Amino acid sequence: MQLQLTEEMQAFREEMRTFFTTQVPQEIRDVVLQGRELSRDQIVQSMQILNAAGLAVPHWPSEWGGRDWTDLQRHLWNEEMQAAGVPAPLMFNAGMIGPVIAHFGTPEQKQEFLPKTANCDIWWSQGFSEPDAGSDLAALRTTAVRDGDDWIVNGQKTWTTLGQYGDWIFTLVRTNPDVKKQAGISMLLIDMRTEGLEVRPIELIDGGHEVNEVWFTDVRVPGANLVGEVDGGWTIAKFLLGNERVGVAPVGATKQALARAKRICADLIAEDPLLRARIVELENELLALELTALRVVAHSAGGEPHPASSVLKLKGTELQQAVTELVVDLAGPAAFALGDDEASDEAWFRRSVPTYLNFRKASIYGGSNEIQRQIISRGILGL
Amino acid sequence: MDFTYDDEQGALREAVRGLVARTYGEYENRRRTVASDPGYDERLWGQLAEMGLLGLPFGEDDGGSGATWVEAAIVLQELGRVLAPEPYLTAVVQAGGLVADVGTAEQRAELLGGLSSGERLLSFAHASRRWSPSASGVTASQDGDTWTLQGRIDAVPQGANADVLIVSAETPAGTGLFVVPGDAVERSGHATYDGGRSARVVLGGVAATPLGDAGADQTSAIAAALDRTIVLGANEALGIIEQQLVDTTAYLKSRKQFGVTLNNFQALTFRAADMYTSVELTHSLVAWATMVAASVAAGERDSEQLSDAAARVAVQLGTAGRHVGQEAIQLHGGIAMTAEYRVGAGTSRLTYLEHLAGDRGHHLNELAAVVADHGALDPLAASVLGSAPVTAEVGS
Amino acid sequence: MQLQLTEEMQAFREEMRTFFTTQVPQEIRDVVLQGRELSRDQIVQSMQILNAAGLAVPHWPSEWGGRDWTDLQRHLWNEEMQAAGVPAPLMFNAGMIGPVIAHFGTPEQKQEFLPKTANCDIWWSQGFSEPDAGSDLAALRTTAVRDGDDWIVNGQKTWTTLGQYGDWIFTLVRTNPDVKKQAGISMLLIDMRTEGLEVRPIELIDGGHEVNEVWFTDVRVPGANLVGEVDGGWTIAKFLLGNERVGVAPVGATKQALARAKRICADLIAEDPLLRARIVELENELLALELTALRVVAHSAGGEPHPASSVLKLKGTELQQAVTELVVDLAGPAAFALGDDEASDEAWFRRSVPTYLNFRKASIYGGSNEIQRQIISRGILGL
Amino acid sequence: MDFTYDDEQGALREAVRGLVARTYGEYENRRRTVASDPGYDERLWGQLAEMGLLGLPFGEDDGGSGATWVEAAIVLQELGRVLAPEPYLTAVVQAGGLVADVGTAEQRAELLGGLSSGERLLSFAHASRRWSPSASGVTASQDGDTWTLQGRIDAVPQGANADVLIVSAETPAGTGLFVVPGDAVERSGHATYDGGRSARVVLGGVAATPLGDAGADQTSAIAAALDRTIVLGANEALGIIEQQLVDTTAYLKSRKQFGVTLNNFQALTFRAADMYTSVELTHSLVAWATMVAASVAAGERDSEQLSDAAARVAVQLGTAGRHVGQEAIQLHGGIAMTAEYRVGAGTSRLTYLEHLAGDRGHHLNELAAVVADHGALDPLAASVLGSAPVTAEVGS
């Protein structure tokens, strides 16, 4: 057991911190730290800065820009990025389709897509969920039917996050309706400018436009855009969703949000013992979560993920939500007012409730917390 | 002690329920209504006036209907159930209640008459530190019989649309209340997160008429108005959480995942059972507090009892409103995140109601400061705090 | 709606309060208020005082000592009894077998048992649960086989509360193994002095002896001791358990325990804002619960029980447990010390943890809280 | 940063696990052992001594094994897992730790040597107000080189059986520590609710030898001993809740109700998943705090960091220990209420450990008093409180 980081890892952490706080523009990081909405350009600009320094896709295979880091290094990179307010590399690119293409793609697909994906020259969207296939993803009904070498896609996807910015969409489609539902699914890469593809906004309860429906009407997709085997999409989906869940706790950003709340509302907190106790409890739980993440990354080198990694998403989102709820209470009636200057504390108060409402999604999307409990009770406890 | 409605109250409930269902039974209509100014349906507001509902808690001499806060609570529950954005709570309960308590007979007749008939929208413009009844940020100056107001109020409910503002301001005596025509001030309106409307009001030396006694300290009247806003607002919240439970239950019965409807998953149905528990406990406490408010208004009980009841309701609502509002979203899943679906809007409105006139933490601290002053609570006694059973003092 | 009690009900409440606080000996009530253990004699003495005044079995049919009270009167009687520290009439007698015999018994059974049951001349025990039949009561395996006019009973019951004091036991037995499990059950009344019946103590985690196993080895029971029809026992069990669950929230006793804790630990509470807030929350929840009980009793006159009555047991036991937990924290390290004088505050501190541990049963026995949630979700919400 | 045991630590864990399983693998043996005095198995205590485990955290010069608090923590986890009633925490960690910190070389050799060899049982006799490190209730008087003690301590762990008491007492300098032979005092032992033993010790002017510097104020040493007791006690608690989760899981898989095993009820399995979450988070925090304790003992970090870590562990354990301990009983149902079954005894012992050296509420108040003094916590920095990332200060 060792409490300290090794000197090497201390230096690595310092290097990350220095890069993130000096090389990514302050105005972009302020948007993140203040909980405002990033523009498409800001996300792309930030990712390209990271990519130029080899920091956008460190977990990819090294020939495509990966760094062969240990899990601890990846953890430090991620935490420092969050702490500095640097927008994470676009998840759909860096965390989802990139690793999939690198693992399952043809040499041509890799050559064509991976560099552009790492550099955000292509903005990828995710076409998985459907109105009747959410947690039960395998129930999806969007179809792809062979037409010569091409596929003709019909159906509807939903919850497509930032689909309004998308250039391409990776899509799970049903290619065989006659077999067990998991066995008849394939993955297609689809250019979102193709005729018959339409993106329709979904307004969320915070008033924002963050997710979309994507409709496919006789959308023609070249056969070369199939990833992996025909009817082999479920394997790819599991690979992708597995990547999504391992070791991802949004600790750094939540810590920042809490520290920020303490600073802005110092006077109020100084007067109120119950608020202080609530903050202590949150800090303590965040500490336990961060230590769990560190325990997991130190332990999972080159093998199965540590079983405790399942708690990271579950507890991480709960704490994320608890901090947004705290901020609502700190803001109190100030949330009803109009904060004109977006960077002001007043505007931060005003955004408190939309942020709180928006983050209710955290325990629903990306494998709901009910799914997480099922993974723990079945997969770990064997119940 | 009796928690049931009499026939007249039952009829009132049905009438309101029927009326608001015609406007907001389809949730899409509510969504459309809040999307454009003034953020509510003026036709429905007129119908509420015609039915005498806007004047419910006010005396007939003042142009009201001479009913009680219990009847106003019935209206609010039904408004809550359909998330009606009409400013009943802020205009009738808060601003109207203040005029009724403080105004001269003439002011009451004019303002409450206008409010009750639907001709005048009132709003309480109160700048203060976190739900304090004392004004801060607006100052009143007297020159002979003329009062002028200077300052800024950041969030006046329906402030850009209100015909009459009841403005609180610092005076030499403490906090005074003043009547100011809405169009006499600089005001910039905006939508609040719950779909309501708020405005920043800037008072650049505007002339104002004292509400009631010129120069009196109205702090305790404001405190009572805030307490009543909590209690009556909790009735609106009760309507919301009752409906969220109904919606969630219906969804669990109809939505399929993994080949079966969601009510086959015991972990979900047990959580619905816990929501039910929260709703029923809240129902009881809110009904009790509403009776306390009516009893205080009728002069049967001390105003301290209103303050205590309001604090208790705020604590309960802060717990139960979040529990039900958050679970309703979680048990629905993604669909509840969308603006098309009413569950999320309910949770948004609950959040507003919790923070309008004093939240859970604020009142928990207040109650904690005096928790040692009484024995066991006794809701059957003349005061819930006042008569600890004698047995509390024996036996050690 | 009406906030006040009617004058009549105020007078009734006052009458109850006066009776309980003047007619039941202080030394018995102190045992209850201090959370000490009542002796058999104290329970019997107290019940006989109540019975002499017509206050032991007010909900029974009037010809057997009932009072035809409204639910509100019964509520006031119960709450004032708890507030005064009067031991409740023995539940097995007053709440369980008495109403069963009055409803299902033969005239001879009524004549023989009801007066003695009301006066605690017979101490009844309950023989329902078995090691493999707890929440799933109908799975019981104790058998009764006909032998002439008699029944021969073999098997084992468990969780028999205060069975060490029992004179008679009302027992669910399997009389027909060949039908659906609910359809083959009967109820027998068994004299606990019969040969072959053995009571064995179960030590609980608080060190106390409160429950027992009851073993039956060829126990001969006269046919006249069958209650109701052969194989009709499930109907009786449902009737009995239904009585048990309606409108029973232990509010009064919990309020007393909390008020007592506030008084004894006033100094500590005065210093600690978090303890104060915790007490406020408990008081508030107890108030909401008591008001719910009042709402239910005011509403259920002459009909179905109000649906909200299901929350009374669920929330009532949670709050009961929460108050015992608070007392543990108030006692703190004082719970490790030896309080010699049982009536002293020191002894109350010492008992705090055994009491806390003992009350974990409250959410398990008498229809576990999981069963309550099922009643709500299925029976009320229709899920 | 590394949470894994090295080979030696792993071997230690296996050795202890094997040893205690031979005595307490059958829970009935534990039940029998605590039923009669001294409440633990003296043979096992001797075996622990033979293996060098009673001297683990003490220097070899003092008769110890020269290991660290991390190794002592491994022992305690294994003791917790089987609910071994041996007084390792109070004798070795608490009393022994004090002697190691404060005693003269001679005292250390004598007392820690005797403790390590199993010949002398030590106990810390500390009368104070609710976990204060300052003594109250016992007074030390000096007459030349002779000190005498007067007063009463209500609950001395294993006080009736201990060979040597380390007694805290009020002195002119503050709080002093004294060595008193166990048989020189009046003591009446009794069982505590967790199956342990405690004694009331009355000091009627007994002669006592100062531990370490005569006349020095030892308040901070006592505070450190209490903090270490929390951290190491949390390791015992961790062993308990890990085992409770194992037991609960096994029970859900084997117990049938309504014709199926309980793991068919999703409401129950999800609660088991929540228990797992509590256990894993507690594991991480306890392991970290143990490393902090070892680091402070090695002089690598300030003693304030021990105090902070202990407070954080107390807060976590107060939540997770109750969550797991209560749910373990509830998910088992009635069987867990019986003394025959170990789950309930685990919950009882958890309750003891929570309240031994400072509970959740106590430490929550302490942490709350200083919560504004730091930015975000950073467990990778030289102090968890010390280095808020620079970004905490930008951006507003």
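Every chain is named by a letter (A, B, C and D) in the order it is written, and numbering of its residues begins at 1.
Just so it is clear, a residue touches a chain if its C-beta (ideal position, glycine included) is under 8 Å from a C-beta of that chain, and two chains touch if they have at least 3 such contacts.
This is a predicted model, so every value here is computed, not measured.
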Task: Chain whose average C-alpha position is farthest from subunit D's own - done: B
Open item on the list: Tell me which has more C-beta contacts between its two chains, B-C or A-B.
Closed with: B-C
Task: Mean-CA-position distance for subunit D and subunit A (Å) - done: 41
Task: Separation of subunit B from subunit D, taking each centre as the mean of its C-alpha atoms, in whole Å - done: 51
TODO: Could you list which residues of subunit B touch at least two other chains?
DONE: 265, 267, 269-270, 364-365, 368
Task: Two or more partner chains touched - positions in subunit A - done: 273-274, 277, 370, 373
- [ ] Name, in rising order, each residue of subunit A that touches subunit D in their complex.
- [x] 1-5, 9, 13, 17, 21, 26, 29-30, 33-34, 72, 76, 80, 83-85, 255-256, 258-260, 262-264, 266, 269-270, 273, 276-277, 279-281, 283-292, 294-295, 298-299, 308, 311, 314-315, 343, 345, 348, 370, 372-374, 376-378, 380-383
Open item on the list: Going by the contact rule set out above, which residues of subunit A touch subunit B in the complex?
Closed with: 129, 132, 134-136, 139, 158-159, 202-207, 211, 268, 272-275, 325, 328-329, 331-338, 353-354, 356-357, 360-361, 363-365, 368-370, 373
Open item on the list: Applying the document's contact rule, which stretches of subunit D touch subunit C when the two form their complex?
Closed with: 130-131, 154-155, 188, 190, 192-193, 198, 200, 256-259, 265, 267-268, 322, 326, 329-330, 333-334, 336-340, 344-345, 347-348, 351-352, 355-356, 359-362, 364-365, 368
Open item on the list: Can you tell me which positions in subunit A touch subunit C when the two form their complex?
Closed with: 273-274, 277
Task: subunit B partner contacts - residues on subunit D that touch it in the complex - done: 265-267, 269-270
